[in-house]
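First chain A sits with chain B, and in the next complex the same chain sits with chain C.
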Partner chain A sequence: MALSTGKPSARRQGFELAMMSPALFLLALITLVPFFSIIWMSFNDVSLMGGLAFEFSGLDNWKRVFTDPDIRSSWLISLVYFLATVGLEMVIGTMMALLVYSLTRGSNIIISLLLIPMFIAPVIVGLLGRFMLDPSHGLYAWMLNETGLFDGNILGNVGSAMVAVILMDVWEWTPLVALIVLAGLTSVPEDVLEAAEMDGAKYAQKLIYIILPSISNILLVALLIRAMDAIRFFAIIFITTNGGPADSTKIIPIRLYDIAFRFFDLGYAAAVGITMLVFSIMVATAFTKLLKRQEKVS
Partner chain B sequence: MTTSKRWIPLTFKVTLLTLLLVWTLIPIIWMVLSSFKPNSVITANTPRIFFTPTLEHYASLFSSGNSLWPYLLNSLFIAGVSTLIAVVLGCMAGFGLSRIRIRGKQHLAFWIISTRMAPIAAVIVPLYLLFRYLYLLDTHAGLIVAYLSFNLPFAIWLMTAFFDDLPPDLEEAAMIDGATKFQAFRYVVLPLMTPGLVTTAILCFIFAWNDYAFAQTFSGPSTQTIPIAAAQLLTQTGIDWGKLLAIGTIVVCPMAIAGLLVKRWLVQGLTLGAVK
Partner chain C sequence: MATLQLNDIVKDFGGTQVIKGVDLEVKDREFVVFVGPSGCGKSTLMRMIAGLESATAGDIKVDGKRINEVGPAERGLAMVFQSYALYPHMTVEDNMGFSLRLAKVKKAERREKVLAAARILQLEPLLDRKPRALSGGQRQRVAIGRAIVRNPSIFLFDEPLSNLDAALRVQMRIELARLHEELDATMIYVTHDQIEAMTMADKIVVLQDGEVEQIGSPMELYHHPCNRFVAGFIGSPKMNFLDVEVREASGEGINVALPGGDCRVPVMGDGVSAGDTLTLGIRPEHLELDEQGPLEGKIVVIERLGGATSLYLEHGGSEWILVADGDVALHVHDQVRFSFAPTCAHLFKGDGEALTHLHRHPLVDIDRQENRAKPA
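Showing the complex of A and B:
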């Protein structure tokens, strides 16, 4: 870390440095050591059987990452899962926020109720999903069955399982998008809206020409926050389908977990993990760029 | 209220909001409700709203041989300690980072945020190996370290954002009056930071309390947390739904209440300070 620059100001900032150093030292210890370990692991054959053993294997793991059809299909499933969850969350979340914002009273209690899912542990979201969709006594399964919409085992069929895990994620995280967008809506210029109304603008026109442009930055924040979490968490799928049926919901983190802790191929898992890290670093880059842009605006 | 707030026709608005509320709340209400149902009602072929409530599931969680107590205590201890460390160190570092003027500050900030965003599955792999070397598997310390890997950068980043909002004039005024930097921080700045500290602490606690992936990988018989208890019951054949829903209710309710307590600062917290 290039903290002490030797500039005269560095001495006078001794207090600030002292305040920062314990946290930064600890953070460096618990993130940089694993970071260099995962890189080293990705060039090794790491065996757990009968004690830990490293065997240098060059680029073997990396060759597999880019040629393994299972990995490719998992990235593809991740992409579908990612686009569907984040897309639905953005659309429904924005809608939710617009609705709550347009309320003249009761918005506080309604948004509080709508926010509850995002405090729920993903493992409990998965539990709830399984409970509601249980073929023999789940409420949603029963409703779908009674209305004749679907009468199979929802989590046991290829297409419906994917839809179900997507909707569970949407259920949990749409409120977060709504919360963020709602905060942004307060920055929509009221006077401009009123002027547009006087001129006879319809709701759709106001939405497209005034509201959405003035919250575009906020929407981007919501998108980035969701994008990073979409690849961070995997507990919902872990607990509901664990990637099945027939690998149809095996998003990349689930695949990685399988490689690491079912097949104990930790070196290969490390290489897969690094490709995921690259993705999250790209999101983080976009996020910090956006923050800087906001600072310039304000 | 100004006219511009009434953008959307009322009936349309009410219908949509009702739908969204129903979609959001039904699973939660159904879980809490069903946790008080006797097993015969839970497993009935048709859902029932009316029944004689029972506490049997909660009672069995805390009395039987495989009690929930150890899981609960592990969760409280591990989430509590990791939150405490993250908030104390994060508060100090946040103040420093907010006030310091150095070259490369952006790179430092980027490093902090990127550690928070690292995918959990990718972090688990090297941590598992390191924990094995260091005999940290199935220890409270191991899980605390694992949770610090995301809570510490989160706390630093968020506290920096909260300190950024506070103009340095106050400390400077105190220092003109003869206070040292530490005194200015301790007696002027810190008392104004209560909302920031509470928000950071509650969110850190929720993240740790809700974790499943780390606990699943690093915990053993003596360190399992509540989400693990739920997962264990879920993977058994012949799922005991009554018990599970009671666990679910216990996991969810305190966090939902804690989260809503800091609702005003939630946006700032969950967007890592990007939105106020």
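Showing the complex of A and C:
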């Protein structure tokens, strides 16, 4: 019966469209209109002074996006921040998961304790970090000072500020990676590991040849989740250094915030925002391709 | 080429003894089968031999050397797992050559050994495949191939056929027997399937609740079970049992009272006197339809297998099974009389222990090695 399962007739499709139109209209209102207006904004000089005013400026904003040295350095800082945080989180998280997995008892309590950082809002993590690293009364600042490892304002120095914000993110999100990897580890069959043991594999060899290949899919998922988050890193840096000192931690979202809400250069901000959107779509596409290939392999 | 000895092996799992002092001697090139119901400890025993589980007490010796403290890889044994336990992301060739790779054997030599094993198991066309692309039987063969490549002194098989369908199981059973002949290696095999045990073993070890019930050749276990458990476990369909009263015990056997007259079973009657109650055990295939037979029963169910027919009889309040010809013309609710040859009957004491037969069955000492063709 064509009516129930096959292709709906044109008339019927019209009816369906009519029924869906209120929802579609609402959806368009809250997504499509802003989306197209932001594209239009990127071709205009937008000013807020004396009422909202658009002044068509052609490709000016886009030219700036690709030539502005500040934008380029922000992308670079973003890349460094992304590689360092996600890299450390993946490595430490996997190691944590392996350790917890090898526990014979008490693993439930350990897991609960491990997860605590994840439940703290990034803003609070930033505030805590700022408090701990404060040069006059911060605990970590004092410890580093007393041991002679570092003296001075940690968040006020170009290199150390970057290290500090990276470590704060790692502290917060490593448990998430550990949790995901832990779930993957339970799916590695026990007898395959025993077979490897009979074949003469030591722990490191079991890890390299059996465990890691078996959980590569899960690792990829963890990486995807963290990578998606990484594109919108904001709160910790915003609270602690706000991009400073000397723009050394000004990752691209912070730069965008500055352009839009400190300099109110909304047209330019729209262009920067769109490049970020395109970039995240590219990253997501790459990951889904990788995941699909993984599925084919395993 | 190796012998294996177990001396008083005990395994304790947090206070519960799952293996309660097992002694066993496995000769060189012998095919030994551990058989028993689920939870009898047969797999645990094998895992202890493999080194995947430690023994709480007792000695495990290979070629006379104690190996309790030796790691599983260094024991020189290879194990085939029930679930095959193939490495999922490696090809068949890599699966089979993994142990050699870990032992840093050169690639050319590794390939040669893998190919040799693949030839024995007809796996050559599959070497580049991943386990996922193989059928159950092929996976099983790869798992066996992985064991062969290691050239182990003893092969361990942990219920290797239980994940296969019935037809494939029979085929693999024959293949394993052939393999044993070809490799001429010592093999230990765990199963809960008594048919696998009977057909493949040189020596069967029957286990129950962590204890050895009997060790012997398949024919010995079939004809001379040492207790009621072994008698019931070995043989299919199961042995029939009936409580009987002793009329007289003498040097020529024990006379027991049956509904249709006395019967003398030729067993040693030490310690048995008139008036005692014993359990009579007769295998279904040893019962015969007989108009003048001393036993009588009503048919409850008929199972026709073509070559033979299983008759389920109601007899003295219990259900008996009688294996008759394939073409008996009987119906449910028919009343039939049947008999048995007294030499095929078994008598068990109240504690389950069997009374020893006066005559040993002539085939009892034949093992599978002697069943094989003599070298020309």
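What we mean here is this: the second predicted complex is superposed on the first by the 257 of 298 C-alpha atoms of A that agree within 3 Å, B and C clash if a C-alpha of one lies under 4 Å from a C-alpha of the other, contacts with A are read in each partner's own complex, and residues count from 1 in each chain.
We take it that contacts are C-beta pairs under 8 Å (C-beta built on N, C-alpha and C of every residue); 3 or more make two chains touch, one makes a residue touch a chain.
The structure presented is a predicted model; accordingly, all values stated were derived computationally and were not measured.
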item: First (chain B), second (chain C), both or neither touched by A:205; value: second
item: First, second, both or neither for A:69, with chain B first and chain C second; value: neither
item: Touching partner for A:214 - first (chain B), second (chain C), both, neither; value: second
item: Touching partner for A:197 - first (chain B), second (chain C), both, neither; value: both
item: Contacts of A:148 with chain B and chain C, given as first, second, both or neither; value: neither
item: More chain A residues in contact [chain B versus chain C]; value: B
item: Touched partner set for A:50, first chain B, second chain C, both or neither; value: neither
item: Common interface positions of chain A, toward chain B and toward chain C; value: 194, 197
item: Residues on chain C engaged by chain A in the complex (per definition of touch); value: 50-52, 72-74, 77-79, 81-83, 85-90, 98-99, 102-103, 132, 146, 150
item: Contacting residues of chain A [partner chain C, same complex]; value: 189, 191-192, 194-201, 205, 209-210, 213-214, 297-298
item: Chain A contact footprint on chain B (complex, rising order); value: 1-8, 13, 16-17, 20-21, 23-28, 30-31, 34, 42-47, 85, 89-90, 92-93, 95-97, 99-104, 106-110, 112-115, 117-130, 132-133, 145, 148-149, 152-153, 156, 181-182, 185, 206, 209-213, 216-217, 227, 230-231, 234, 241, 244-245, 248, 251-252, 255-256, 258-260, 263, 266-267, 270-272, 274-276
item: Residues of chain A defined as touching chain B within the complex; value: 1-3, 5, 9-10, 13, 15-20, 22-24, 26-27, 30-31, 33-35, 37-38, 41, 46, 52, 92, 95-96, 98-104, 110-124, 126-132, 134, 136-137, 139, 142, 171, 175-176, 179-180, 182-184, 190, 193-194, 197, 203, 206, 218, 221-222, 225, 228, 231-235, 238-239, 252-254, 256-257, 260-261, 266, 269-270, 272-274, 276-277, 279-281, 283-285, 287-288, 290-292, 294
